[in-house]
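Each of the two complexes below includes subunit A, the first together with subunit B, the second together with subunit C.
Then we have the complex of A and B:
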């Protein structure tokens, strides 16, 4: 088990290297020039060229990539072109709101979606099932920003139950913190809920056909215990897998959600950095996100052993 | 009063192309402590009969009618809660597939203990202690260690022993065993049968044994019910049934059993078989259900269904041509 964890963490290194190359190349190919942005509208081509040289952007592709990679290996994500702050510091300042949003969304989504899927499978073919599936289709097809604006309009502007936008740090207390996160979490979570509920339903339908469910019934086990004790644990592996894969949805959605609800997190940082072609920041954030994704999926693989005794590493 | 009385049991399934009459008007009873075998080939309604007793048939598409009286109480009128209190407690069941009938993600001890906690209100610790005793009772070595293991760590024979332990944990009055040995190796089959017989004497439970293996029937049953196409076609004590089968279907079943040495001495080296298949149960059959495969069929058989008649004391059969005792004697 321990050897497996070490091996998996070591295996993330080549993955991260490929991600790094990919991110770097993408930005290299993409149009736009930070030097021109810094220089402004009035600058002469010579000025732009001078700024570009001072940023090191005139060097060849491989040299730039090599220098960047070397810095990362030493634990240095570089310095923002615009703020002159270290990228690591900028990420540190912005990481709390994003992590808060993602964790709250994750908990909310799993605790809503899994029971929804279980009940839909149990009541297959009834109006409950159809309602859940209808909601799932809706959750898939309506974009995050639409859900976000509708929620903000209804629950914040009209009903005045929750704040419209913004973020309160956790250090100022759980109440204000969660108040600001509920609407963004619901908006961000709707796709995620739809995904998890569908997989839960499909897997549960299959598990409920199994012989051991019939055995449990023959033992006199009650309906709730059959669903949540005997069946759900058997359905856990695919559900947990989809929860892990869905983290990618959360990362992508967080960027949009943070813009809609004016949350000063990594998503906003990314959008601003892309608009200004702030390469070191973009690269740093993307690298961080992919690292989180890889780690979450490692945790998911390890979680399999909790649910299925037949899986051992 | 018999422990279990099944009266005009009809279990029908609604299917896209008509109603499947899996069990169509079956009557039988089981006395306390008695072993009754229900035999017949695949698709004759044996398993559906067994599942109907515990009401494990999903409704819909299934529909159970008639009466199933257990200790005088009609189980078809019982509420879900009353049924749950009976299942695994007073009536328990062993299934055919030991490889898939145990939950793969729960320990053996937990699965045995669950019925005890549910029906006898035992604490988790007491249930586990009792599970160890049950494992010892069904002959599993190192029960202390096994109780913490998962089904995939056990062999097929051991899993069926665990199923038996689960079924017997609450000392049921009736045990329904649906082909308990079919999926096992021949040597293991003999062990499991031996175990069931031994435990039956200790626990004193009545057994309804569903099987298509007549060798098993001869070994453990006291009374035999022969089913065909959702109906009972013959019933008798095990001795008379094997010595003097009345219904052509039973005769065919017995004729298709290999006999030791028969291929060496007899002229027939080929095993006898009953030609054809069980008819579709989606159409009402006007005459005798076995008419389409019966070697003695006449016009009478295809037009009028024969009633179950007592051909000899305690020996009933549904056939126009099966001889009555007096006639045989005369």
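Then we have the complex of A and C:
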């Protein structure tokens, strides 16, 4: 197992290298010029060139890529063209809100969606099942930003229960921290809940048809125990897979959610950097996201062994 | 007075939690929470031309001169000046008590270095750079500027409020290459920037600088006594207008700089919110042509567009149908400023005649060349202007290819001087800050200096002569006469078409009073009642 983990972690290196090459090349060929943005309308072409030179953007592709790669290998993600701040500092400033949002959303989604899916499978064909599936369709169909606006209108503007926007660091207390995260997490989690609930239901339906479930029933095992101890554990592998895949969904959704609720996270940092062509920031954030995704996949693979003892690495 | 919401009341009732909450509420009363028009992506107002950076610059730096609400310069950091040698020698003296945020006194050497750096980047600064025969500190409080020829507009240039402002920085900072960002943000203005709390894309924190000595006169736009009444000003970046609107309604912020016109009726219905016109100079909508390639290299074709331009239609699309939010007709110079005039304005204000435009286009020899119109879709005002312009050009008979892109790409595409088949362009719409286009010196759309002109690159020597004449105009009457002549020439050569003056409102909690009018959001004079 340990050797497997080490192998998987080592395998992230070529993956990250390919991502790095891809991201750098994509930005190199993409239209847009930060020097022109900085120089403004009053600048002469010579001014723009001077700014481009001062930013090192006039150097050939391979020289720039080599310098960037060398910095990355030394743990230096570079400096933002616009803010003059180290990219690592900017990521450090922004990672807590995004991680908080993702964790709260994940906890919320799993704790709601899995029981919903289980109950829907158990009560297949009844109004409970139809209600759960109806909710799932709704969750898939309504865009995150619409859910966000509706929640903000009802719970912040009308009822005045929760704030409209912003983020309070965890260091300032659990109460203020969670207060700012409830609405965004519900908005972002709606799609996720729908996805997990549907998969849980489908997988549970399949498992509930198995012989050992019938045997458990015949032995007089309780309904709750059958559902959550026998069936759910055996249905867990596809559910965990979907939860893992959904992390990417969360990263994408966080961009929208952070904008709607003015949460200063990595999603907004990425969008701002793309709009300004702040290359070092875009490269740093995309590398970070891909690294997180690789790690999440590793964690999922390892989680399989917990739910299915037949799986060994 | 800060309002107590149901949520805060519930939380206040929470016994043990009450004490810190009350302390927070007290701190909040001394803090102004402001939603700026955009993210402050960098913080050097000489290096960057972004409007939001200029606004930041006005907070933390003071200037030697400041414009009053009549758009004329008045001494600000300067105590005054003496002009001698037939207008070729200016000796500017500093008023006493000026200090930088690190406590060091502001000296003439700091001013000299600041002017020298600014003069490499700003359009009026470059004019000064070309005219300057020398600049030197005479002692700690006086410095001289020697000019090759007289320039009555020097005080205006040093106090110009449009980007780039001549921000006075410590000499050690101002020695930074003008094409490189500064890293030391020691300012000279009424607010101190908390660099340690700078979170770009999230919030910027400013604190009142206790060592700032305001002038004794009443505040008058960028001149007079800049009295800061808040201990702390927080700029909170909110990219989504609906969120900013909800935050303002929910008393989570105090002041929103650029409410979306669509949301104004909603805000107006809230009795705790006031909407008002603060930036009286607004922005001038502009339709720009590329002079380098057909069809707009032909002045007759450019002129053919004029009879069909309906400024009201452009303004309706840009900012809505409320006539209070825009001014038409608008000429070459910002309506409401001293150089605005009606010379030949009937070309845009008379009855619109699409058929006349079509006829003029045919007679001008248009051969159906593709007209590439650039549209920045992430800036709604510009996108709407481009849509209306594209529709107008199509109806006149142009073969229009409207190309949508984000602003970053738009900026780069504009620098492409090639033909449309080589990635070039034919026309685009934008807006210019009213303060910029209020005088010929900083009015980029009228520049006719060919390759060095603003995108579109017209070569119009007569316009350049008139601009030069404005710099040397001895008084306002002479300036106004030149402005009329410039406007007359613009209708002939059509380097651009004015599309109307956009007058965006600001929205703030009704408890916020004393907002200084004239231009951007300023943070002196404002208080909470």
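Points worth noting:
One rule holds for everything that comes next: the second predicted complex is superposed on the first by the 313 of 313 C-alpha atoms of A that agree within 3 Å, B and C clash if a C-alpha of one lies under 4 Å from a C-alpha of the other, contacts with A are read in each partner's own complex, and residues count from 1 in each chain.
In this text, contacts are C-beta pairs under 8 Å (C-beta built on N, C-alpha and C of every residue); 3 or more make two chains touch, one makes a residue touch a chain.
All of these numbers come straight from a predicted model, not from anything done at the bench.
In the superposition on chain A, A:178 contacts neither subunit B nor subunit C.
After overlaying the two complexes on the shared chain, residue contacts for A:220 are found with subunit B alone; subunit C is out of touch. In the superposition on chain A, A:39 makes contact with subunit C only, while subunit B stays out of contact range.
In the superposition on chain A, A:212 makes contact with subunit B only, while subunit C stays out of contact range.
In the superposed model, A:309 makes contact with subunit B only, not with subunit C. By the touch criterion defined above, A:153 reaches subunit C but does not reach subunit B. When the two complexes are overlaid, the chain among subunit B and subunit C that reaches more residues of subunit A is C. Once chain A of one complex is fitted onto chain A of the other, the partner contacts of A:234 are limited to subunit B, with no touch recorded for subunit C. Contacts of A:295 after superposition on the shared chain: neither subunit B nor subunit C is touched.
Of the two partner chains, subunit C is the only one that A:161 touches; subunit B does not reach it. Annotation: subunit A has no residue touching subunit B in one complex and subunit C in the other.
Of all the residues in subunit A, the ones that touch subunit C in their complex are 31-34, 36-45, 47-48, 50-51, 54, 80, 82-85, 90, 93-94, 149, 152-153, 156-157, 159-166, 175, 259-262, 264, 268-269, 271-272, 274-278. Listed in rising order, the residues of subunit B touching subunit A in the complex are 54, 56, 83-89, 92-93, 95, 97, 100-106, 114-115, 118-119, 150, 152, 163, 166. Residues 210-212, 214-222, 229-230, 233-234, 307-310 of subunit A touch subunit B in their complex. Residues 5-7, 17, 39, 41-43, 47-50, 121-123, 163-164, 177, 179-181, 183, 198-203, 236-240, 242-244, 246-247, 249-250, 252, 378, 405-409, 411-415, 442, 444, 451-452, 454-455 of subunit C are the ones touching subunit A in the complex.
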